[in-house]
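Look for subunit A in each of the two complexes below; its partner is subunit B in the first and subunit C in the second.
Now for the complex of A and B:
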C-alpha cells in the first residue's frame, strides 16, 4: 500500500529531471542544438564511463572532495571556538569587531583567488586556504549568533545547579546552538564548491575543476560535460550529507522550528538518530584520509613527472597545466 | 557593600531557611527619557521557613518575588542582608536547592528522561543509578510512557511536570518554585496542585512557592507571605489552618477557605494604595514605615 505512493511521489518529484535528461538526449540528436557543443546524454554517459574505467574520474572526485572537506574542517576548527568565545564571553569585543568581520566577509572571494595563488602557490595550500576563507565567515557569524541567543532561562536553570563553565558549554550552550551553527556550515559548504572549482581551474593539476578546464583547453567537449555533471553531483552530495548530520543532531526540534528544509520533509517519514550522525561524520573522515593519501600520491607523481619528461601531463595533453605551473 | 561585610557566615537557628533583612537594589542605567537611578526591588525582607514547611509567596507583578527567589537560589546577590540554609549563608547556587522557574525552561534537545537526569549528571551519579531515579520521578509526576519524548512533543501541563521532576530528581532539601502553574489551564492547574501536595507529603521537602493566585496560595500553603510592591516589602504572613490532606474538592468550597482568601485579597488591595499615596508625598526611603516589614 505504501510502496506505490512512494514510487508515485518519487516519479513526480523527479519528473523535471527526467524531462531534462530526455531533452538532453534528443535535442542534439535532432540537431536542435549543435551536437558538437552539446553532445547528447548517451555520449556524455559513455565519457563518464570511460573516465570511471580508467579511474581518472574517481581520483579527481576524491581530490576535490578532500580539498572541500579539509578547508571546511579547518574553518570549523578556527570559527567554532572563536565564535563561541566572541558570542558568549567577549560580547563587547564581538560588537567592536563586527564591522571589520563584516567587511572581510564581504570581499568577493573570486577577487581573492589570485592573491591566494600568489601567496600559497598552486599547491594544495592555496586551494584549501581559499575554501577555508569562504567558509570561515558564515560559520563564524552563525556561531556568534547561535551562542549569543541561547535562551537565558535555560542558562539560568543550569546555573542554578552550580554547573561548571565547561558543563555549561557542553551541556547547554553547544546543544542549544547546534541548529543555528549548522545553517552557517551549510552556507559555507555551498560556497565551497563555487570557489574550489574556480581555484582548480586557475591553478591545479588535479580535481574536477582542473578536469573541466583541461578538457576545455583541449576541446574534449563530452569530457567537459562529464566533469561538470560530477561537480553538480558532488555539491549535491555534500549538501545532503550535511543535512543528514544536521537532521540527526537536531531531531529534538520537531518540525515547527529550525531549518524547515531539513525538518519538514524528514520528520514525517524518517527519523535519523545519533547513529546516522556518526555514519555521516565517518564518511567525511574517510574522504579526509583517502583524499590525503591520493593528494600525496598525485603530488609525488607530479614531482617525478616534472623531473623526467612530463609523461603525466602528456597523457592528458595539458598545455594549460604547464603554463599555470610557471606561476 | 557595607551590608555584606557585617553579615555572619553562620547563625544558630532551627529554621530551614532564614531570610535576614534582604534588600535588593537595581541600578538602572540612563535612558533617553530618564536619568540613571536606583530602583529598590526588595526592602528589608525577613522570613523564616521551617523544615518541611510549604510557604507561599503572593504579590502583584513586579513586587520582587522572582528577585527574592533568585537570591535564595544563589543566582543573585542581595544588596544587603543574607539568606541562610540550615544556618549556613548562601553564597551561590548549589544542589541543596531545586528550582522550577517561571516558564518551563526545559532543555529542548533532551528527552523527558534526559531532562530529569540533568541534575544527576551534574552530581556525577552513575548512569545505572540515574536511570532508576529518573524512572521513579517520571512515575511520581505521572509521565510513565513519555520518558523518551522530547519537550516539543508534550503539552504545557506535561512540560510543567517534567520541570518538577527535574527539580526533585537530584534530591534537594528545598524546592523553590516560581509561578510553576501560571501557564496552564484551570483544570490542569488544579490537578497539578493536587499532585504537588501529594509529592510534598511523600517527600517531606521544604517548599517555597511563588504565585499570583490567592486561591492557589491558600490551597497549597501552610503559611502565605503577602508582598507589596514599590518597594517590595513583606506586608504580612497569614497562617492557613485548613486541615490536611487538602487534595479533595471540599477544601476549596469550605467557608474558611473563602474567608482566608478574602483576607489576603484585602491585604493585597489596600497596600498599593497606601504606599502610592506616601510615595507621592515623601522620599522613597521614608515612605516605608518600619512596621510594614513585620
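Now for the complex of A and C:
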C-alpha cells in the first residue's frame, strides 16, 4: 500500500477517538447532557490526577491486578497439568469426566459467588478463589483440546526419532498446543475482570470495584468515571500482555510453512522475542509480589483499624457490611 | 434412516458415560451427612430438591424466574433492535464512517458493565430500567460487532450478480444480504443472550429486590443454605436450557450452511 493510505487510515482511526473525547468534554459543558451525571472529560481527568496524587488509585489498581493475576496463575497451575494429563495420557478418564466437567463449567459463576463468600469469608481468599474458578474452565477445556489434537504425525515422527517422554512433552506437544491454550487463557482473563469487579462490589474493602461502588454510594460521580476508565485500561493491558506473550511463545508458527531460507530470519528474531516474553512474565511476577505486599499491608491496616472508627467509616456502603443486599 | 445402532437409555454403556455425574451427586449427597463443617455449609441434593419443591408450591420461584427472564428479554430485545440496523448500516452503507467509529465502539465495548452499573442505578434508580439498561449494554456490543463483520464479509460477487439480474433494493436485502450475513448475526445474538443471563444474576445481586440473583444473595445473607443451593441449581439449569435452545435454533436456522457446498 502507498504511504498516504497508511497515514489516511491512521487519521481515520484516531479521528473517531478524538471526536468522542471532544464530545465528552463539550456535551456536558453546553448542557446537552446533565453535567451532574456525565461530568466533562477534564473533570474526570482532574479526579484521576487527584486520586493518583493521594496514592489511592495506584493502591486499588495494584490490589485488583494482584487478585486477577493470582487467580489466573492459580488456575494455570491447576488446569495446565490437569489438561495435559487428561488430554494426552488418561483419555479414558477424560471422556468419563467430561459430563461432570461440562456441568461444573456451565454453572453461572455469579451464582457461585455467595457460596465462595460463605466458604472463604470476605477475605482475599474468596476473591482469588472466584477468579480461579472462573478462569479454570476455559483453560482446562482448551488445554485438553489442544493436547488431544496435536498432529499425530509430529508425535509419531518424534517417537520414531527416540525422544524421551519429557522431551516429547516440552518440545513437541507443548509448542503445538500453545496457540490453542492461549485462546483459553484469554477467554479466562476477559471473564476475570467481570467477576472480579462484581466480587469487589459485593464484598471487599479495596480494589477498583470497591472504588466504583463506594463512589456511587457517596455520589462521587467523577470518581465513578475515573474508576471505570481504569478498569477498562486494566482489562485492555492484561489482554495486550497476554497477546504479546503468546506472540513471542509461538513465533515459530509464522515461519513454519515458509521456505528453508526463513530459518535464518527466525534465528535472528527468536532472541528478542523470547526476551520480551521474559519481560512480560516479569511484569506479571512484579504485580504478584508488589500486590501481595500491598494486600497484606491493607489487611493489617484493616485489622488494626477495626477498633478505631475512622478507618471503619471507609467501608461505608459495601453490602457485606450493611448485611442487607437488597438496597 | 439412522444407521447407528440403537442404544437403550438403560444400557450399561449409557450409564458408564455418566458415571462421573452419578458419582458427583452421590458424593454431594453423602458428604454433608458425614457431619462436621460440611454439614453446616453444604445442602445435599435431596434437601435442595425439597426446598425447590417448597419454593415452587409457594409460587415464589415462578415469580423470581419470570422477573429475571423478563428483564433479560427486555434488555436483549432492546439491544437487538438497535444493534442490528446499526450494524447493517455501518457494515454495508457507511464504510468510512465505520472505520472512524470502530475504535470508539471497541473502547465502549470494553467498558466493564459493572463499573457502569452504579451509574445506571443513579440515573434510573433501582427500578427495572437500571437492570434492563445493564443487560442492554452487555448485549449490544457482541450483536453490533458480529453484524458488522457478517455484513462486511459478504461475498461481493453475490451482491453484484444479484444486482446485474435486476434485483431491487428490498429483495436484495432480504434474499441476499440477510441470508449471507446470518451466520455472523446469529453468533452475535448467541453471545449476547449468553452474556445477558450471565450478567443479569450479578446485576440482581448488586442492586435489586427480586429476581433469581437477589434470591441467591438474600439466601446467603440470611444463611439459608438449602435455599442458596436451590437458587444456584435453578440458575444453572436455566442457563443450560438457554444454551441448548440456542444451539438447536442455530442448527434449525443455519442448517443449510453445512449442506450448501455439497450439491
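Please note the rule applied: the second predicted complex is superposed on the first by the 281 of 327 C-alpha atoms of A that agree within 3 Å, B and C clash if a C-alpha of one lies under 4 Å from a C-alpha of the other, contacts with A are read in each partner's own complex, and residues count from 1 in each chain.
In this text, a residue touches a chain if its C-beta (ideal position, glycine included) is under 8 Å from a C-beta of that chain, and two chains touch if they have at least 3 such contacts.
Quick caveat, the model's predicted, so the values are computed rather than measured.
In the superposition on chain A, no contact is made by A:35 with either subunit B or subunit C.
Shared-chain residue A:215: touches subunit C; no touch with subunit B.
Of the two partner chains, neither subunit B nor subunit C is touched by A:123. Shared-chain residue A:197: touches subunit C; no touch with subunit B. In the superposition on chain A, A:163 makes contact with subunit B only, while subunit C stays out of contact range. In the superposition on chain A, contact is made by A:153 with subunit B only, not with subunit C.
More subunit A residues lie in contact with C than with the other chain of the pair subunit B and subunit C.
Within the superposed three-chain model, A:172 lies in touch with subunit B and out of touch with subunit C [touch as defined at top]. The interface of subunit A with subunit B does not overlap its interface with subunit C at any residue.
Here subunit C touches subunit A in the complex through residues 16-21, 23-24, 41, 96, 99-104, 107, 110-119, 121-123, 126, 197-199, 201-202, 205-209, 212-214, 216-221, 225, 228, 231-232, 235-236, 239-240, 243, going by the rule given at the top. Only residues 9, 12-17, 19-20, 37, 95-100, 103, 106-115, 117-119, 193-195, 197-198, 201-202, 208-209, 212-213, 215-217, 219, 221, 224, 227-228, 231-232, 235-236, 319, 323-327 of subunit A touch subunit C when the two sit together in their complex.
By the touch rule above, subunit B contacts subunit A in their complex via residues 73-75, 92-95, 97, 99, 101, 103, 105, 107-111, 118-119, 121-122, 150-153, 170. Interface of subunit A with subunit B (complex): residues 151, 153-154, 156-163, 167, 171-172, 175-176, 178, 250-254, 256-257.
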